[in-house]
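Take a look at the structures listed below.
First subunit A sits with subunit B, and in the next complex the same chain sits with subunit C.
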Partner chain A sequence: MTLQLERAPGRAGGARRPRRAPLHGRLRPGYVAPAVLLVAALLYAPFLWTVYLSFTSYDGLAPPAFAGLRNFGELLEDPALLTSIRNTLIWVAGTMVLPVGLGLLVAVLSYDLPRGAWYRLPFMLPYALSGAGLAMVWSPILSHDGIANRLLGVDTAFLQEEPHNTLAMLLVWTWQQLGVNTLLFVVGLQSIPKEPIEAARLDGASGWSLFRHVIWPLMAPLTAVVVGLALVASLKTFDIVWVMTQGGPGRNSETLAVTMYRETFVASQYGYGSAVAVLLTVVAGLASYLYLRGQVRTA
Partner chain B sequence: MSRSLTAALTAAVLLAAACGGGGAEAPRQSKTELSLYNDKGAWSKYFEDMGALSKQRIGLSVKPVGHTDSAQYQALIKASFRAGVKPDLFTWQTGGMLEEIVKQKQVADTTAIWQEAIKNGDLSQDLASYYTFGGKQYCVPLNVAYWGMFYNKKIFDKYGLQPPTTWDELVKIADTLKQNNVKAFYHTSVLFSFVWFEQLLAGSDPDLYDRLSTGKAKYTDPGVVQVMERWKSLIDAGYFINPGDKTDPGDVLKNGKAAMVSFGTWFNTSMTQRSMQAGTDYGFFVIPNVNPSLPKTSVVFESGPLCSLVKAPDPEAGMKFLKWWTTTEAQEKWSASRGDVSANPKVTIADQAIGQITKDAGSGKYRLVNRYFEATPPPILTAALDGFGLFVTKPGEYRKVLEDIQKAADDYWSTHQ
Partner chain C sequence: MIRRAVLLVLGLVWLGPTYLLVVNAFRPANSYDASRAWAPSGDIAIFQNFALAIERADLGGSLASTLLYSVVSPALAVLIGALAGYTIVVLRLRGGFWWFMLIFGGTIFPTQMLLVPLFVTYSDAGLYDSRPGMILVYTAVSVPLAAFVLRNFFTGVAFSIFEAARMDGASTLRIFVRIYLPLAGSALAAVFILEFTFIWNDLLFGLALTQTSGVRPVMTQLAGLMTDVYAGTPVPVGLAAGLVVSLPTVALFLATQRLFARGLSLGSV
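Let's turn to the complex of A and B:
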């Protein structure tokens, strides 16, 4: 038996297509079934289970007991959650300014330099480290008797006092993320058609005005991707904080993802932890949706 | 066609694999190697050594599965109760943590092992109380420990210091060290943040300590507030190293970053691992009471359990190992390799200072109090560890810390009295 390979059906005219799809087409679900099953079993099922748990009181041992909206009610009154939200917002804002903003700056300054890749290489290397590995490396550097204090000639408890601890960890995050953002922006800059830039130059545009009025608008689609990725990544910040401060001392450096983990696995309040997870998902989903919708409209 | 068939078959195989866990149980087979899940990753070598001995003696070897993050470890063990790979043996905590898994009928009953061990003199009746729920015993002691102060002997010798016998002498030692730019004490903002609270409260008013752990006293009571004020005054006096220091406490003591570190006798294992010699490089003393009028010196005691599950892969093999674990032969090896005390009173302890505290504790010289970590119900403990972690960084906030812990205690005791 031979299968007829078809082109994608065009809507506008052309030869009349057979009504019955060939066997190849009818069996398409079979091809995607393994992936769908895996995703459903490993992603959607746990997600739905978490949503269910958020409406229960559950200690991980006795069967979950339905608790209605109590967990969400407690969320609203939990001062630790407010701290967590505040820190998460610092992470989001900081990520936009530092890894993304500086990434753009490095990309713009280096993309058309001869051997520019060599200038960018040092920024790229830390990206090879995992979040936990990164935190392990930086913890002793930023500890009270660490190298940072000695080099700067200060006596600051970088990881002990708020908001120093969140800001210090944000710098560590920048050290890692700057390179990949730079790389993405360079790709964007290199893919911009040369003609409009040259035309603008002939019209006398240069420097800031060239960037602001020509390059930046042309890069908008890629910027939307970089900012969108950074937005979601910063909202779910966990590994650096957990390894460096465990959200402390006294819960003052927790982010939403750390609060979720802590409530679930440290405090064994699986229901409450799941409610934080649902909140985090809603916040991340909503922020991404609003941001991307704005970008699409602009485009 | 063949590709479609392959895709369909793959899907079927994956589905079967995904559903495999819920199928009929395979017949249980006798095991010769037992998995020993634990949150003591650094002790793998000692578990392996014990496994080599048990293989010789009872034909069961041990494969330690060590974790270092206790929260992650506890979640893993709890998850194994419902599904997935079940450990043959696992370590846990006494107190509320053990009680909650016993209530779920997950832990194998070890009453027979305890009865025989008590009859043989391998375990004491006093210790059984930490393992007894509803008149039955569960698990056996993995370890026991008494808490005291480890000190760097070279620093003490350098400044002509002797282990103190009164609280005032201890403070005087801290003062002398301070004058010589040496930090007297270690403390931390993570996990073991409770140590000084526990010690100061037990040494000031052990009855209040017991009442606090059973919800009969409040964290905002004057006696508790005074303890926090005393703790604050010690921090303010500059006796402690920075609580955010990430150096391992074993290295803190070895390097002299702090002259004294308060831990359980299991800290001796850290000294052994660093090739430090008892009596030459370091020493151990019982911390004197803050309140000299108390009839007995308060000593913090802890015991950690080694457990097996009701639905363990091979329950008989698990029980056989636990029974062997309590014997003098097994405990001699376990105690000697780590340089720690043993739950078995017949075991002789090479380290003089640690041997002495074990002997004295056994003869009733001390007022033993259950370690705060086990004595405090888990939800209150979680709040307290956070609170003390904040306190050591910002001692001025002690009242807010106590109020926050009491709030968690009120929540807990409102449903658990």
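Let's turn to the complex of A and C:
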């Protein structure tokens, strides 16, 4: 390490500080070393390595053989991948409408009610369950002779046929995620200033117009964060699909993250799997970039 | 009034599956019948069910390992992240901002981008399917958030504290351990809880980097109960397992709610 002591005067509140910061000991550059080494070795290096592997043909046994863009060419012609992209888009769009949109609705309906927290409690409970627990709860409900079919008096193969197995899982996801989105929105709604709302009320605004023209603009920064987080998370949907259908049957409910896992660890196509991972990263990066740019424009 | 009605109806719909979960997790393992799933059985068989799940999915070793991962890794990550934050903010490391960006930048990589190289290297290095290997990877993914929160926290601590301690002749490491770490208690705890929850609920690293039931994290092991041998797992056993395994994170969160809120109001002492 070739780091040196910083001798410039410090920033925060240091008007009376001596011009030279005192010597803090020789070891101090070493203090960031554990963090830097861990992050470099286990996050940066694997990341770059995956980028390299995506341009190779590699089965984990023979050394990777450079293959140029072949993996990406195959990606575009792979019907399983197209299904996977379609499902991922359903997940992204569905997440915006259901967990986020419905979460906003519940938040707006309940945030200023007396005992509003009690109305929100049913939505918070499922958040405690993890992916595996979620599958435990919903498999007996959605199975062929399961509770949902009996309740609705129908005979639907909720988890078998596409695309409604993806939609069914999206509803399960909504059941779990609604609460946390609601909570974030409620925090936001409760922290917006009261005066503009009171003023608008005095001017006769109420209901939808009050929400649309006063509350919504005031909570925009928070909405941006919630939507941004949900966008990136939904692009990477993995756990719930893996535990409920493993992407099946016949790969028809796979998302990009599931395809990546299957190609790599089930089919041992490390190069191809890496290419799917790169595609996922590029899509997630691009979506975040476009989203952030849109946010900056409207702000 | 319409607002309350909408909330109540929606709330009831949401409670349905929760109700089914609780009622059927308490039902004796072999008495589940989809047509009578709504009726409580009056039994309290959840502990037997959970014991059955432990036996069937070999959850015992997995639970112990998961506890080890989700305590040791966040503890290490929080210490390492705090030390980095302290060095950057308080000791004014030259180029500190860039070092910080390097560390924090680790959060942007999707897990999928890490799995293949980790799997290959772990296999070569004998870390595949081992507890040290899991602790290592969980620590690494936890460091960026820890460094982020603690750096922000230390920015809000008056520099005069450091100067006074230096006057008294304390070494930088001693100042870190004796003054800055205790000051950051609630921030450390908040990060610890977030990362405990993340690791406790992790599925993907467990799937890719482990194999045997004693090393596999509990969520991965439970998912196996669903996917590999689901045909043979009675519904109440699966539900009991899902419920009991979810409890630690809930308990930890409830127990520390106030601490948590305080810890995340960053920068204030």
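As a convention for this text, the second predicted complex is superposed on the first by the 266 of 299 C-alpha atoms of A that agree within 3 Å, B and C clash if a C-alpha of one lies under 4 Å from a C-alpha of the other, contacts with A are read in each partner's own complex, and residues count from 1 in each chain.
Throughout what follows, contacts are C-beta pairs under 8 Å (C-beta built on N, C-alpha and C of every residue); 3 or more make two chains touch, one makes a residue touch a chain.
These numbers were taken from a predicted model, which means no experiment stands behind them.
Enquirer: Thinking of the overlay built on chain A, is A:Gly250 touched by subunit B (first), by subunit C (second), by both, or by neither?
Expert: It touches subunit B, and subunit C stays clear.
Enquirer: Answer with first, second, both or neither: which of subunit B and subunit C does A:Leu38 touch in the superposed model?
Expert: Both partners, subunit B and subunit C.
Enquirer: By the touch definition at the top of the document, which applies to A:Asp145: first (subunit B), second (subunit C), both, or neither?
Expert: A:Asp145 sits against subunit B and subunit C alike.
Enquirer: So, A:Trp91: does it touch subunit B (first), subunit C (second), both, or neither?
Expert: Touch status of A:Trp91: no partner.
Enquirer: After superposition on the shared chain, which partner residues are touched by A:Ala157: those of subunit B (first), subunit C (second), both, or neither?
Expert: A:Ala157: touches subunit B, not subunit C.
Enquirer: By the touch definition at the top of the document, which applies to A:Leu61: first (subunit B), second (subunit C), both, or neither?
Expert: A:Leu61: touches subunit B, not subunit C.
Enquirer: When the two structures are laid over each other on chain A, which of subunit B and subunit C touches more residues of subunit A?
Expert: With both complexes superposed on chain A, more residues of subunit A are touched by C.
Enquirer: Could you look at A:Ala277 and tell me whether it touches subunit B, subunit C, both or neither (first, second, both, neither)?
Expert: second
Enquirer: Quick check for you: in the superposed arrangement, does A:Trp173 touch first (subunit B), second (subunit C), both or neither?
Expert: Neither partner.
Enquirer: Given the touch rule stated above, what does A:Val266 touch, subunit B (first), subunit C (second), both, or neither?
Expert: Once the two structures are laid over each other on A, A:Val266 reaches subunit B alone.
Enquirer: Do any residues of subunit A touch both subunit B and subunit C, and if so, which are they?
Expert: 3, 24, 27, 31, 34, 38, 41, 60, 139-140, 143, 145-146, 246, 264-265
Enquirer: Within the complex, which stretch of subunit C touches subunit A?
Expert: By the definition above, subunit C touches subunit A via 3-4, 6-8, 10-12, 14-15, 17-18, 20-21, 24, 32, 34-35, 37-38, 80-81, 83-84, 86-88, 91-96, 99, 102-103, 105-106, 109-121, 136-137, 139-141, 143-144, 147, 155, 158-159, 163, 166, 171-173, 176, 200-201, 203-204, 207-208, 219-220, 222-223, 225-227, 230, 235, 238-239, 241-243, 245-246, 249-250.
Enquirer: So in the complex, the part of subunit A that touches subunit B is made up of which residues?
Expert: 1, 3, 23-24, 27, 30-31, 33-34, 37-38, 41, 59-62, 139-140, 143-146, 157, 159-161, 246, 248-252, 262, 264-269
Enquirer: What residues of subunit B sit close enough to touch subunit A in their complex?
Expert: Answer in residue numbers: 1, 3-4, 7-8, 10-11, 14-15, 18, 71-72, 74-75, 78-79, 81, 100-101, 103-104, 106, 189-190, 242-247, 378-379, 382, 386-387, 389-394, 401.
Enquirer: Can you tell me which positions in subunit A touch subunit C when the two form their complex?
Expert: Subunit A reaches subunit C through residues 3-6, 10, 12-14, 17, 21-22, 24-25, 27-29, 31-32, 34-36, 38-47, 49-51, 53, 60, 106, 109-110, 113, 119, 121-123, 125-126, 128-141, 143, 145-147, 150, 175, 178, 236, 238-239, 242-244, 246, 257, 260-261, 264-265, 270, 273-274, 276-278, 280-281, 284.
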